[in-house]
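Next come two complexes, and both contain chain A; in the first it sits with chain B, in the second with chain C.
And then the complex of A and B:
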């Protein structure tokens, strides 16, 4: 699966909403998936929309948490607390 | 804790939706949440958007969160209602496109915390007081878990009450009023508005009903709504006060003799109903009214159903009613439409728009029955009544024609317009001696004396005219029968005249004869008188002579009798003479 063809330079951004349970869980899940499947070949930015609400507007974020794969293309969005690891990996590895 | 007054009055914000604010006594509950439910195509989005736009017009900023349609689509749709959203958007309105793109992958639970954070910031920035969540079920459906969906709804509701916004949440409902999925929502919110779309006999009707309104009275009936070019409109059919200005001014019917029959014409601002079978010149009468109004320079609107404007102009032209010049000058506007079009409420809505746009003083609806008898539904009669009330309040004089076919419907209309009409003119056919003639009667006319006589209506190249009808031998005579009767009457008259002349001559002769006879008699009398005088003279001297003789005789015979004997004797002689005469005659 994704492990077999890891993408170099994986750039991720996770939008969360303060300490909402789903957001807290999403951060933990994102970090776990990255360290387990992408090791050092990734960057993960976490944006708290409660601190910077306009960011949601600019980036078009509707629900929290939302994970966005910025690179490599194409841009892919994953919503939810990322507890469904298979779905996350599938989305990140999608061509 | 703050103690509230015994009767806390719910503050309300007007929606600006015609009729809705009246029904709810002021609009939506301020700083509270209203649920707008309904099936597809009921107008939920329009209702919510209209409340928002009208707020924005009153300097109340609002936010529209669209989960279902793109904001671009919504703005385009709003443009059809004449709402310039882009202009309002700059300052007073904000649209959030809250649709997820189809390629989004779902990996676990999510929530609205981030979005509400964004909205809170936006509310503070804009000082917004109203917010709409349109089609939130689209997003929450992705959670695929009723418990989680409910959790987010509660979150939303909590957020709304914390922020103190006047909120509208739209919600889809199936065939039943209570939707199982979000049924709880109805109990949570302060106000529930139910929109319904129903089909009766193939015609669609939209209705609105206020199901719940915490802390406020409201009219609980279902009200017909229309989607007009100004947006949603609610026809308030509740007990409305019939308050409108009344005038004594008369408006010509376009037919001088009809004006006479009505003692001066129709009242300004009244409803006139012209009923009759097909082809009884109802349209002609309506056309004459329109032409007369235009000639006076009054703006006139001619609404026709199932017949094109050009055709009507041509047909009226054939009886000498020329409408083209007025159409060109813009005094007259014609609006033709099909009856089997959009639903009846929408049709009346469209008519209202036309009336508002043209601002006529006189209006013709030809025929009104096309609209109202279309569906045997209480709403259709309601709709026409409301429309007529609307015209009445606007002071517009209306001439409606109404088709009545079949012999059973001689003087009744199915819709009950006849009770609303102030003046009712009925044109019927009278078939007699192989002819159909039009008979016009005034069935009623409120507030005016009117002729109760039947008149014959004839059409010629110069328009319609009314003629007196002849009543002969208990029958009303028209057409050829009348002509024949007239001829016969004339002949009869002539005969009588001649007879009278003859009689006059005869009498004159008799008089002359009598006078002549009188002359004869007089002369004769004079002659007799003279004769008598002569005779008297003669007998006078004779008796004197006789008396002298008697005296001489007595003297001579020394008689002692006093002359009585002599008289007796002469009497006896007389009797004997008569006896003798009698005998001689036998």
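And then the complex of A and C:
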């Protein structure tokens, strides 16, 4: 069960609204970018705010889809359906 | 403070940039929902709402369609959770089980839909299923009304999004009718197989597409093969057929294949160990739409016993017919020879002994006597000659004949004599048995003109009927006398006709064709058997089987009475009855010469009339046994009814035994066998009168 977390680990959380079109697209894009550029050295949690609305408060989410980079610091957010890969990579790599 | 300000500025800048990004995303339509900060509830934007509605609609549509599939499916669809509770049952399943869907959902499948006797077993198998994957099983479900249906299930596992097994999904086909039909077919097949096996019927099947032939174990046994060892090809089938029959059988089957018809064959099977069996087979060839054979089926029965019996019966019938013919010819001949010899005797008595007449007459008598010898042989073949049966030691007989046989055989042939010590005695006519040995030895010699080995052997054997025996045997102890040569041998056809009179393979003038038929007659009359075993180029062995002398052996006949000359002149009156004019005249002449008074009649009725009309006494009736109209015994019966003291003498061209047998005469009644000499005749007449 103990999953070995890659060092340094990239920890991401993606907030979506059910199967709404941009949410679906964002999930697909996030997965693609992760597997292409970070291989196994990442974790991606998907939070559906239609199911768990209260979790929006934790990260101060105001729109979906929103991708949050939790680690390594600093915390970064990318708003939208993540179709601009360069922009996403820039945000994830930013110090 | 300064650092704090810096942080705040940085944070503000970040927030601003996020706000900008958010606005940009909103403007470019990349946002689905905005979270209401008060309630923290995501509020879907209108385009997202529309899209979601649409996808929900699509989802519902999909579900409806799936439901319709479930409802119209003509198989039972049942889903269970891991505990065996029903989570889905389609309309068909409900119809079969007799419940409606709402009643079924949530119930325990095993307790609800299975007969109690199989619940635990099926539940255990369900445990196996959810640990494994797709499986096929058949079991009996219990309907609400208590009926049982046999269902064939195909099951797979239900998994959730994460791939965890959450239950099973099974589709079931009602195979109750099918399995009942299959069972009926199986029972019928079983019954058929039993009947065929009990009747010893072998079955074959041929698939013309693959060329594979299948044989039942019985059929394999009919070809002398161990169960399962038949190779299944046409060539291996053809190998099992006797080479002499192979071409005909193959041709018959090929014809049936061309025409798509039934066929039947009778042929021999040659076993790997050399055994030969007769088989009778029938088959059916089924043609496909293109007119080529598709399938063949058939049966086979071992008919060796029947075939052997038929063969034996045919052979016996043939020999019987030939025997009748021979005996008829011999009978007529004997009458003629009686006349020839008798009158020749009278003329001889009148001729000067040294005259040419006397010498010529002697030649006539010699020829007639040798003709008489031939008729005797014919009668021997038809088993109607007089045998003087007595206990005979076959070993002693062979030993006594050894010197004579050696001279007969010649030096180019090696002779082995193998006599069993303490051989049992047999009952036979010694002289005739000598003739049997001589005939067989001469035949063996003639078959080995270039030299070879002759083996004469004796031994005690016990005969049991075997299927290979050429005739029906009386089981029991016998002495076997075998005479084997290493000569030319004989083919089957020659062996079949071997014992027929006048059948000979020797060149004209070298044999009478009566040697072996005489031998056959003597052996048969001695209640024995003579069998031949021969192969062209390998030699021949004759085996003569004679029954052991037993305690109830026939009483030994006394030696023939010594010839006593008849003295003085007779004075009695004799009624002579004979249909054959020559014999009648001769007999009359002899009786006249002896001084008897003779009344002559050509048949029974005439004799009857003469007897009634004659004033004086009649002392003796001399009559032929077999005559047209009233025969001898019947005539005697009539006459003796009137004159009980009347004496009788029978004459016949048949032997005493056969004439007696045919006419129903008692043994011991005076009888004279034709041809006879005048001295024989006068002595017999005298004896009959003096009894």
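Methods note: the second predicted complex is superposed on the first by the 88 of 95 C-alpha atoms of A that agree within 3 Å, B and C clash if a C-alpha of one lies under 4 Å from a C-alpha of the other, contacts with A are read in each partner's own complex, and residues count from 1 in each chain.
In this section, a contact is a pair of C-beta atoms (placed from the backbone, for glycine too) under 8 Å apart; a residue touches a chain by one contact, two chains touch by 3 or more.
On a predicted model such as this, the values are computed, not experimentally measured, just so you know.
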| item | value |
| --- | --- |
| When chain B and chain C are modelled together on chain A, clash or fit | clash |
| Contacts of A:56 with chain B and chain C, given as first, second, both or neither | both |
| Residues of chain A touched, compared between chain B and chain C (which is higher) | B |
| Which superposed partner A:22 touches (first chain B, second chain C, both, neither) | both |
| First, second, both or neither for A:88, with chain B first and chain C second | first |
| Stretch of chain C penetrating chain B in the combined three-chain arrangement, among 20-28, 164-172 or 416-424 | 20-28 |
| Common ground on chain A, meaning residues reached by chain C in one complex and by chain B in the other | 16-18, 20, 22-23, 49-50, 53-54, 56-57, 61-65, 77-81, 83 |
| Parts of chain C lying in touch with chain A, wherever the complex brings them together | 18, 21-22, 24-26, 28-35, 37, 39-42, 44, 47-48, 51-52, 55 |
| Residues on chain A engaged by chain B in the complex (per definition of touch) | 15-18, 20, 22-23, 25-26, 29, 49-50, 53-54, 56-57, 60-67, 76-85, 87-88, 90-91 |
| Touching residues on chain B, where the partner in the complex is chain A | 96-101, 103-115, 117-118, 120-122, 139, 142 |
| Touching residues on chain A, where the partner in the complex is chain C | 16-23, 49-50, 53-54, 56-57, 61-65, 77-81, 83 |
